[in-house]
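In what follows, a single structure is set out as structure tokens and then discussed.
For clarity, chains are labelled A, B, C and D in written order, and residue numbers in each chain start from 1.
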Amino acid sequence: MGLADIADLCFGGAEINDRPLAESIAALHARSRTLDHERLELIQPDVAAVETDILRLPDAGDLSLPALIDRLRAAIRVFREGHDLARVIVVNLISAGPEPEPSTQHETLAGLDALIASDRREFVTPSLCYAYAALREGCPYINFTPNPGTEFGAIAELATQTGLPFYGDDGKTGETLVKTALAPMFSARNLKVLSWEGVNLLGNADGRALDDPLNRQAKLRNKEQVLASILGYAPHAGVSINYVPSLGDWKTAWDLIHFQGFLDVPMTMQFTWQGCDSILAAPLVLDLVRLADFAQRRGEQGHMTQLACFFKHPLGVDEMALPRQLDMLQEYALHHVERG
Amino acid sequence: MGLADIADLCFGGAEINDRPLAESIAALHARSRTLDHERLELIQPDVAAVETDILRLPDAGDLSLPALIDRLRAAIRVFREGHDLARVIVVNLISAGPEPEPSTQHETLAGLDALIASDRREFVTPSLCYAYAALREGCPYINFTPNPGTEFGAIAELATQTGLPFYGDDGKTGETLVKTALAPMFSARNLKVLSWEGVNLLGNADGRALDDPLNRQAKLRNKEQVLASILGYAPHAGVSINYVPSLGDWKTAWDLIHFQGFLDVPMTMQFTWQGCDSILAAPLVLDLVRLADFAQRRGEQGHMTQLACFFKHPLGVDEMALPRQLDMLQEYALHHVERG
Amino acid sequence: MGLADIADLCFGGAEINDRPLAESIAALHARSRTLDHERLELIQPDVAAVETDILRLPDAGDLSLPALIDRLRAAIRVFREGHDLARVIVVNLISAGPEPEPSTQHETLAGLDALIASDRREFVTPSLCYAYAALREGCPYINFTPNPGTEFGAIAELATQTGLPFYGDDGKTGETLVKTALAPMFSARNLKVLSWEGVNLLGNADGRALDDPLNRQAKLRNKEQVLASILGYAPHAGVSINYVPSLGDWKTAWDLIHFQGFLDVPMTMQFTWQGCDSILAAPLVLDLVRLADFAQRRGEQGHMTQLACFFKHPLGVDEMALPRQLDMLQEYALHHVERG
Amino acid sequence: MGLADIADLCFGGAEINDRPLAESIAALHARSRTLDHERLELIQPDVAAVETDILRLPDAGDLSLPALIDRLRAAIRVFREGHDLARVIVVNLISAGPEPEPSTQHETLAGLDALIASDRREFVTPSLCYAYAALREGCPYINFTPNPGTEFGAIAELATQTGLPFYGDDGKTGETLVKTALAPMFSARNLKVLSWEGVNLLGNADGRALDDPLNRQAKLRNKEQVLASILGYAPHAGVSINYVPSLGDWKTAWDLIHFQGFLDVPMTMQFTWQGCDSILAAPLVLDLVRLADFAQRRGEQGHMTQLACFFKHPLGVDEMALPRQLDMLQEYALHHVERG
């Protein structure tokens, strides 16, 4: 297809936490035993390079909305020019946070502009600012977090105006990934799901953020809605997210599926998923960047629905079954391969 | 599509065990607590009716091959005429048994005829006799067992000669079903499967038969080959089948999947499947009968590859991924719906 | 030791639900497939007999405290006299409910008497009434529920005054049972438990009651406190109880134990418990009755600490390790066997 | 009690593999991600020191029995003298191997001496040579492997003659440890175990050795016999050991316990153990050395039954329940503490 080479990518970012990147990586290594020591040594020069391209922001709330957006836009320009980049893709990877208060002004660009201008932070979350700044600077935007915003009419309008592609929400890397791979099997075999209970234990900073009920609302909603869509009915389905510090980055999820077969005989299936969250997310982010870059090069705009398989809550797509979502990506790729 | 109504089906069979059907059902109920008492009472008249259509055979080996085949063919004719049936579908549901000794005579109908005529039972297993008798009597044939035979050239030749559809092998109802639903997810996410170990515990008569290494060879082969085909490489994969009498019909399977993500980080997933084997198999058999009946009505011949999703070892199909196999069935159905 | 024969026991009870006992049993059978049909038929006469000894009460709150206690005491007397019983043991098996509001009057019998007399229902829960009525009628009392009260000074004072034995709280039949069997192993091998997360799914009426956070406080406290006592330090320990109606009486618990071995290497163990709650509880209740009867015959008074192994929260006992608690029961039994 | 300080111990060994110790450790680290890099660096000087005290032996079978024993005895003397040690404890940690052929000569020291003198290697395994050499050199001997020999009359006679303590067999570090902690719970609650199936997956050199049915006989026997002894009856119990190279040192065991409660209701419990075998074994070996040293200082001889809790097959002890075995160790310790 002609996706960009990883070697041709250049990385930068924005952070409210002032811990140096190398330290964050070392801490992840020490707590979660993910990467081996040899690799850590190897990547040190790259990490140092990225560090120079990280915009250090004051904590959320310390800047007015217009000031924050200016800083973000300026940083994008500096990054683009400093490295003489053809395109910049913005991926939102910030912590899960509280949802913005509802407002009809979210539905038009004029409305959002007004909310920003009057610094109404209860309506305009940091994630919204990232989306806004990215699109205003001509960058495709991807929301890997559960934070809402990409669905607002204002964002769609801005993307149309700027002719840019964007997508989200909420990377699908673990329990929900498995759920959307397995649920179609129950459906195809006419095994009626009575209850599907999922428990997620994790101990990283994401887990700490999600430990606050305010922060986990959107994530839970994303996790819960997939089943009804695949099965065609809503089984009893609970999802819980528990913060278990000792697990570090090792997300451990247990799901119990109670289902009914022929002549109403009840049966069960259960699975335990022990995955390393960062390691599962990182390659998806790389591919999303390459696919968004590709879409921009092709002049594609609006929802990149071909990316549905990467998200728990794929914008503008009702299909939640993983196999069908993978078909969508493959069809997109084949289409472009054929067109050359 | 116009599949036959369950209510229009009529059931009969052949058995080497002389226990009355009602007793077998009662024993299954008592040991495995599958059906509830109310339902058992309800089906008693139907069970009694089927009983009169069961050919009671002496134990395998007591009849010469020609005599066995004559008995089977006669029973099919009696069944068809006695109930004035439009079509008879033969489904092989006998115990897993030892494989026939290899012979080039399996590859031609003339060869198979000669083996039968000279009563060479080491080359011609009971399952082969059922296939042969069915096709000779103009009946579509389905092999739900792991017993080999449907792949032999002789069977294909006989099906061509008689213009009949046939298919198999080995119903996909439990651990392998899940395996073929999950493996594509690992593949799609580029998560390299290092090892996939499966353990099957079961306590029914099938489990007792499979406890003999001679009887389980074909089943293990069917279970083991699915992964390499889906993944494109062969991970370390072990499958074991252990006879645990107390479990009765409750097949309990545990699978451990050891896989490697980005930067070679090893992770694991495991699942436990607790399903009732008969209850999982029965509706598949009903649908296979209806789909074979449909195929015969349409004049379709040879491998019914549209049924791949029902089998561990789908004849003439390389695709082992459940989602793709389900697509094949759906395409077949849509094709016929559109054609009317 | 000379425990009472099961055949010599006579059963009765009190209920606020007006569904006949036979119906409750039939519903349990239909929903949860526990008992087989044959056994249900067999026990029908016994069930009918017990039905005549069930005091049907108006819903909690409809009677004043003095009136409720009078009714309970009268019912005990009628039961004892009607069947000419040597002794009556009262076991509290009512639903988990909200905790009473704290009060210093709980600590003296005079205080409790005053709360009852002035009908202060916010301080005196139904469970307290059962304990009070039992002891006032000369009956040993056992609290199989998590409902607090047996710890109050007033109850101890009343038991002393009446010279009666009593015990509780909260039957240990599933996840906590396993926890207290396993935790000593970690301790003995110096494997440091980092986190022990437990998830309980259940679908019976107990599960429905515990779905209300007010009702599950005491149960969660009982479940959570066992670990620190056995390990000598408090690991991160979460317990959740989720109501999953389809599971009926089949409590399904999953526990993840994250522990650290030599040189701080982290490891995990997990278990899934699939037990039928009523079936696990019933034989304990029978043995508790027989052991309380025995204690009363021997003139033993106050806390029956020999029964610690039956409870999540054993009164007056710090030892939470199941093996040690079993030793306590065995020592008690041996002591009595030796004394004759 | 006055156990030796770890800091006062001095380590050496014998090996048939000629890979340097530092390399073996590095390989374990690379394959199994057990120790962190920092610790590995830290222990390098100690590892180098131990390396100089490793006797490098030709492969088993290349030396005659008398020659092997001479080499072992000489090495012990050199080690003792070179470091001016008060006592040397020999722990057998070699690979699981085939069992010796049975012989009545195993039962007397004269018999064993004769077998050695005539170089009858089919009767005298390497493990027997280690036991023999150790005791002849005045060293307490501990067999951490499943290799038989410590039970032979000849070894007991030699220990008596030399006045030395010894013990084994087969360290209890994983699945069997859990089994002996859990089984007493089922027994105490009168939950009848119908079947207990255990599956052990491991990928280290021990796993590779045990992959050979000849080598795993003794290990399987040790694993299987514990249940009947604890429960008082023999449930259906299967144990399998599968070599899964990718798991490295991470032993993953899954056990299914199918049990029957009150009124014969069948229930299940299952657990998965993910432990690092070396890390679980190492601290036991250290404590065994210290306890054997202590026993020798006290002049204790023969079976050190106080160490039963460390072994799958504790010599001369019928008690298999972990809690009782722990009591034995504690009683021994208390006895010595009290005696001063």
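In this text, a residue touches a chain if its C-beta (ideal position, glycine included) is under 8 Å from a C-beta of that chain, and two chains touch if they have at least 3 such contacts.
Here the structure is a predicted model, which is why all the values come from computation and not from measurement.
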item: Proportion of interface numbers common to chain A and chain B (over half same, under half different); value: same
item: Superposition of chain A upon chain D: rotation angle, C-alpha, nearest 5 degrees; value: 180
item: Chain pair showing more contacts of the two, B-C and A-C; value: A-C
item: Between chain C and chain A, distance of the C-alpha-averaged centres to the nearest whole Å; value: 47
item: For chain A paired with chain B, centre-to-centre distance based on mean C-alpha positions, whole Å; value: 43
item: Junction residues of chain B, two or more chains touched; value: 33, 268, 270, 272, 274
item: Interface residues, chain D side, partner chain C - complex; value: 34-35, 39, 177-178, 181-182, 184-185, 188-190, 261-263, 265, 267-276, 279-280, 282-283, 309, 322-324, 326
item: Chain C-touching residues of chain A, taken from the complex the two chains share; value: 33, 194-195, 197, 199, 201, 236, 238, 240, 242, 244-247, 252, 254, 256, 258, 266, 268, 270, 272, 274
item: Touching residues (chain side chain C, partner chain B) in the complex; value: 30, 33, 36-37, 272
